[in-house]
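So that you can tell them apart, the chains are marked A, B, C and D in the order they are listed, and the count of residues begins at 1 in each.
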Amino acid sequence: MPELFVSGVALGALAVAAFLAALTRGPALALVYPVSALAAITLGVVDLRVLLAGADVAARLPIGLPGIGLHLRLDSLSAFFGIVINGGVLAASVYGMGFDRAKELTPRVEPLFPLFAAAMNLVLIADDAYAFLFSWELMSLASWALVVARHTDPESRRAAHLYLIMAAIGTAALLFAFGGLAGPAGGYAFDTVRAHPPQPTVAALVLVAALVGCGSKGGLIPLHAWLPLAHPAAPSHVSALMSGVMTKVAIYGFVRIAFDLLGPPIWWWALPPIILGAMTAVLGLLYAVLDRDLKRVLAYSTIENVGVIFVALGLALAFSANGQPEGAAVAMAAALLHVLNHSWFKSLLFLGAGAVLHATGRRDLDGLGGLIHRMPRTAAFFLVGALAISALPPLNGFVSEWLLFQAVIAAPALPQAALHFASPAIGAMLALAAALAAACFVRVYGTAFLGRPRSAEAAGAHDVPLAQQLAMGGLALLCILGGLMGSVLAMALAPVLDKLVGAALPGPGSGPTPFSLIAFDPARSIYDAPVIALFVAIASLTTLVVVHRLSERRTRRGPAWDCGFPDPSPATQYTASSFAQPLRRVYGAAAFAAQETVVMPPPGDMRPARFSVVVVDHLWRVFYAAPGRAVIGLSERLNVLQFLTIRRYLVLMFVTLVILLSIAAVTT
Amino acid sequence: MTRDLVVQFLAQGAQMTLVLLIAPLAVGVVRRVKARLMRRQGPPLLQAYLDLAKLLRKESVIAEGASWLFRSAPYLIFALTWVAAALVPSFASGLMFNWAADVVALVALLGAARALLALAGMDVGTSFGGIGSSREMMIATLAEPAMMLIVLTLAIAAGTTRLAGVADFFIAEPFAVRVSMALSLIALVIVALAENARIPVDNPATHLELTMVHEAMVLEYSGRHLAVIEAAAALKLVLYFSLIVCLFVPFGIAGPDAGIPAFGLGVLAYLAKLLGLAVLLPIGETSVAKMRVFRYPLFVGSAFAAAALAVFLLFVSKGF
Amino acid sequence: MIAPVEAILILPATAIPVLALISSYRLGAMVNIFACALTLTAATALLFTEHPRSDLIIIDDFNIFLIILTTFVGFTTSIFSATYLAHEIEIGRLTPVLLRFYHAMYQALMFAMNVALIANNIGLMWVGVEVATLSTVMMVGIYRTPEAIEAAWKYFILGSVGIGLAFFGTILVYLVAQEVVGEGLPAMSWDLLVRSAPMLDPKLLSLAFVFLLVGYGTKVGLAPFHAWLPDAHAEGPTPISAVLSGLLLNVALYALLRFKMVLAGNASAIDVGAIMVGLGLISLVFAAFMLYRRRDIKRLFAYSSIEHMGIAAFAFGMGGPLANFAGLLHMTMHSLIKSGIFFAVGHIAQVKGTQRIAAISGISVTHPVLALLFSLGVIAIAGLPPFGMFTSEFMLVSSTFARQPALSIVLVAGLLIAFGALILRLQDIVFGEPTGETHPAQASYIPAYVHLTVVLIAGLWLPGPVVQWFRGVAALLG
Amino acid sequence: MSRLQFDVAHLLAGGMLVLSFALLYQDRIIAVINVFALQAIALSLSVAWQALVQNAPHLLVTAAIALVVKGFVVPFFLQRIVRALQIHRGIEQVIGAGPTMLTGLGLVALSILLVQPVGEVSIYVREDLAFALAVILLGLLLMITRRNAVTQVIGFMSLENGLVLAATGAKGMPLVVEISVAFSILIAFIVFGVFVFRMRERFDTVDVSALDRFRGERRDVA
């Protein structure tokens, strides 16, 4: 029981920090970040202990729903997600400590930061529907207030408004899910729900509701449109938390409902997450490739990663429905590892973007460039993050991607025809997503950090204070270690996998080296990160030494080749949109009906030609603009009822009376 | 036991050095045959080695705006490609390295090399680097799904994604022409052409700004850095040759514990097959002209279609 | 020593003439607060005394918590109105003479509501509701502006027709009951009516309920009969909007629920639940859509009251222990939060000098404490945690989904549309650059913060006795 | 109550119903006021008769009030208002007299259908109830089909007459007198409201729709 007490104390510390920060002004606000960092560390340690010990810790408080009380439980699943979340909170707090006490601390952000962290942790340990939704909605409320912190900018107000409505829709869907699970009697505690799972039809409804609820918070297509608006609008360390960590709480919600509360799965439950996830992955990246705002690109890439995780969860559902626990273990391990990895490299990238914003004051990629010379450390950490998110071998992104591909490759063995034929399609879409991710982040890194500065702000940039570099450095180190020690992390997941799908990944012992990651069995597929990394290092060092001994060591700096045109203006460089032009030509026409129009002036006229690109976002038009117009239109028509005469109101009353009287006459 | 380990280590070392040494030779053969087909004398077979030696001795001129990434990228790219090439079983399968990674990791290693090259291309800050990187990444998005489906075909047929495993499976199988394998071979050939910047997709010999892709990224390199990049490109070509050979024509590959004579036979068979491919490639290149950039989706798309068809055929029955 | 039951009637009754005679409005306000405080203590004393059964007065689980709630909100509103009216006098919208009339009417309203709540006789309750309506009509028209007169006139006409129909319903109930229970007072007292419910004539009983539903429904502000509510709220002084929204709607709903208890006993009467569910959903969805085009801040929250009364009617219409419990909790939370919001709105209107939403923005910059108060209020009314409204909506939506998924979809659609409008207006008002004139706010925020803390506590933990009351009444309501 | 007593009660109630129809039929304001006065007198006779039959002397008070207040005082005031405010003599009707009468008949049919004998409540009480319900519904119908404020007020008072008829019909119902007194106060307020606010001066027409221009949050103004 001590664990829950300790985490209770840590959550209490966060709440008190929030309360005190709400009262104080000025530099005292900076105290918030050390307190939240400490609280995050304690919570993380408690989670780690529970995860490794594998024993659940439960408590029941008298508050909450009358008669049911507030159930809390820290089991291995919550502990794993706790580690992910508290890691993110720790990084964001350390980054926060770097803020300049005088100018950057505002009473609109600091008090809400610990509240947001506490709400997320509370969601994990909630063990009944009321506590879950209470903290879930509190989390949305705190993040809404953080998004609208820069309230003078109408853009962030609109983003915050859309975000809170989507959060409300998500909560309504989860309310349906828990309503279905609890049944008319109202047995909201999770253990009563586990005691008698719902029959198939209700279970299907609950699964769809959970998918909508958690998908809207995570950013599944078509419930994604708020994410690229809301996440960038928040301050950088908060958007790192929202993108890197809050989406993971959404995934935790889906895993808790689909794998824990709903009882034994049925095979077609896997189809919606797989199909939606794959579409989200590809479309998310197509949006990212075409967008020119640094933080919005990162938000779109969050959508892609959430899509990939939902594909993995779908595959896990498919495997466990067909009684293949080792396949389910591989898919679930891919999902959970990707949750961990994504929270690391996405937080790193958002903190990096925050550093760039802090240094240059600009977020548009076409205004940056050449930052690698002016912000060397941030550039190095951002590079590690960019390579990690593109799932390239030595880093952690590839570990979960590799596991996922192994699961997809094993999927054709599933009996049902739908899954049978879905697996190659899913494999192709995931490979396309991986390639698009690489293209997207080469574009982002190339445009922002490499080349020559395209604006005065970019030229005048300087690196961020030490604390912020420390936060980014820590995360970059985690990405590298996560890549090398992938199998160790997979082993640590064993208790969670046993709880969810009944089997764990084969131990490293069965492979030649202790650190090799094995999907099904060594003969089938193996990936030994340390050996590969070691050989790459040895090979590059030997070539460096050999080449330096054999060759001239003289190097000379000269002007870059400019085809003989002496004008070295930075505008000649490839900008973000020109880099995306080939991808737009190939994929944009299909996905967004993208057309490029070039208007040439008549011959002899010296006016410049005009080049314009029209990109139509169908999803926004159908799922957001249309309902919005419908509601406003209907409210416009109904508005007439406010301006009737007294006589007409009496007519309304009279008609209702006559209708009710006729009902009474007919029915009795 | 230690003797066996030593032999293993030696065999793996031999494979890595063999692949490194014959890479420039393969490129030389390709250039020579191509020249011959165009009724030209053509450069001597060892010309590639001479070029590398020349470049090593020249001083390396680096652009002002270039950062440490530009200077360190060539070595990383070469190392990644070399390790990837070492993964593919050439004369013997099941060597020590094959236990370290499977074909998915191989594709990812090549992806890492490609990403680093694209970044290096953009580091200098001229439009050529931009052209090269953006088109390279676009080609990658077309090629990777096809590669994934080829891997899926092999995994369904052979039951494993380890290259050595696939090679052993096909060696054990009685010789039979299977339609699905033929289709995935076609797909792999097209992907290889696209990835190695050969004629239909990109002309390795050209310096015409608007058409080059690979050359545009390495335009700024000179001296020893260019040498390393050229060696990496050659290694990549040999990697794809040995990949095609190992997956589709695995005969003559020795077992992991076979004696020295079996290794010798294996090497001979591997060199012969490599020579065959090195002759076939220029024949293919000279018979077709370079495509416009935005016809690539159709071309590489056909590889994707072939691989998809192969997978669906395998669904019908393992025998296909 | 007079029993608490008589005290809660005598105190307001004596206060009316006293307040009418006091000339200085400051003293009048003090006396008003003092009277309300005494009534509140009397009401809480009710908890600890048991009450002999009498034909005219009844105290049971149902009305005990409503009486305490009514006197409590009455007390806090009197404090708010003291500071609010001081400002109104300053800017000349009201004269001291009018304030004497205002305070008298305020106590008359308190008296009438207490009568309606504790009446065991359905006729006496009718008179209580009627007098309450008349007093609020007077106060709505107190500003003498054309809009105020028009609003008062509309409220008066619609109210009178409604109360007339309710009276006919009461007569019918008496007619049906006197067959079984015997003539005179017994045939009009709740406890006997509920006990003899199964033996009553179902046809006439259903007819009676239709008239009662239309009559008292007008007072509750359900959709087809809501027309008086928005204008009465917008044109009357803010304390009256708070009392109207917070208490009078509850009293009318209380009356309706008493009759529903009688109907629930009689099996072959018409399906009362279905009609209330229908009316509830119509009010919810209608009010939700109307929120979007509102330009006046008080009219916005008037429509929000219609929406929440719709939700309560829906909950009681669904029936069953869980939904009824949610309905009762919803009623209590709504009256506390809505009156708290009207306190904040009153201050905002005074600080900004206007009630037009377009002219109010950026108060988080000019008046941070008021902005926080208003935001917490709107968050509470929108049904977000940690406030109590979230608990009631949680129980209602999840239980409805388990029993009638189709209905829950409509319910949630209405809630979300209303939510969207409320948050949109909250952001327009609280955030952005401050525009228009800003006067310093000299008003006490204590009443509003007290309301919000009570609701916050209810959101986290419901005390034992309250849960017992709600459970008992939920069982009775059927 | 013996059969004869019921017949007389029904006769008087039926008379009031006929007078309600007459109210619907009139298209002159003065005529409407006079017919209303007649209806009030019929009501007081009916209440007096009920007082006699149920030997409940307190009902006589209600009968007296009905006779004095609604029979003479209110019509007198209304006549003065009509003359003082030079109200346009014709009544603007929303729908023609024909359709109004038809709806009226429908409403009477509905009232009778609603009071069909099912339970054990005696037949005679039902018919009395049916008449009262019909008078109420017709009063409401009158209110909603007239644009003129005065006619609406008369509609409301006719509705109130129906209520008093129903209340007195219920044997032994307590508080009837108090409630009828409350209603007369209500009516006094209404007449007072119409007269004191000098509707005409402030809105220069008693047409109820004129009020709309002053409605809060005017659509065209805002």
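Here, a contact is a pair of C-beta atoms (placed from the backbone, for glycine too) under 8 Å apart; a residue touches a chain by one contact, two chains touch by 3 or more.
What you see is a predicted model, and the numbers here were worked out from it, not measured in a lab.
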item: Chain pair, A-C or C-D, that carries the greater number of C-beta contacts; value: A-C
item: Centroid distance [mean C-alpha coordinates] between chain C and chain B, Å; value: 78
item: Distance from chain C to chain A - Cα centre to Cα centre, in angstrom; value: 44
item: Euclidean distance of C-alpha centroids - chain C vs chain D, Å; value: 31
item: Interchain centroid distance [CA atoms averaged], chain B/chain D, Å; value: 99
item: Multi-chain contact residues (two or more partners), chain A; value: 639, 642, 646, 650, 657, 661, 664, 668
item: Residues of chain B whose C-beta touches two or more other chains; value: none
item: Multi-chain contact residues (two or more partners), chain C; value: 153-154, 157, 161, 165, 202-203, 207
item: Chains that touch, pairwise; value: A-B, A-C, A-D, C-D
item: Residues on chain B engaged by chain A in the complex (per definition of touch); value: 56-67, 69, 75-76, 78-80, 82-83, 86, 96-97, 99-102, 104-105, 108-109, 111-112, 114-115, 118-119, 122-131, 133-135, 137-138, 140-145, 147-149, 151-152, 155-156, 159-162, 165, 209, 219-220, 223-224, 227-228, 293-294, 296-297, 304, 308, 311-312, 314-315
item: Partner chain A, residues of chain D touching it in the complex; value: 94, 107, 110, 113-114, 118, 140-141, 143-144, 146-147, 152, 208-209, 211-212, 215, 217-219
item: Residues of chain A defined as touching chain D within the complex; value: 639, 642-643, 645-647, 650-651, 654, 657-658, 661-662, 664-665, 668
item: Chain D residues within the chain C interface of the complex; value: 114-116, 118-121, 125, 129, 132-133, 136, 140, 143, 152, 156, 159-160, 162-163, 166-167, 170-175, 178-179, 182, 186, 189-190, 193, 197, 202, 211, 214-217, 222
item: In the complex, chain C residues that touch chain D; value: 121, 123-124, 126-127, 130, 134, 146-147, 149-151, 153-154, 156-157, 160-161, 164-165, 167-168, 171-172, 174-176, 178-179, 183-185, 187-188, 200-204, 207, 231, 234-235, 294-296, 299, 356
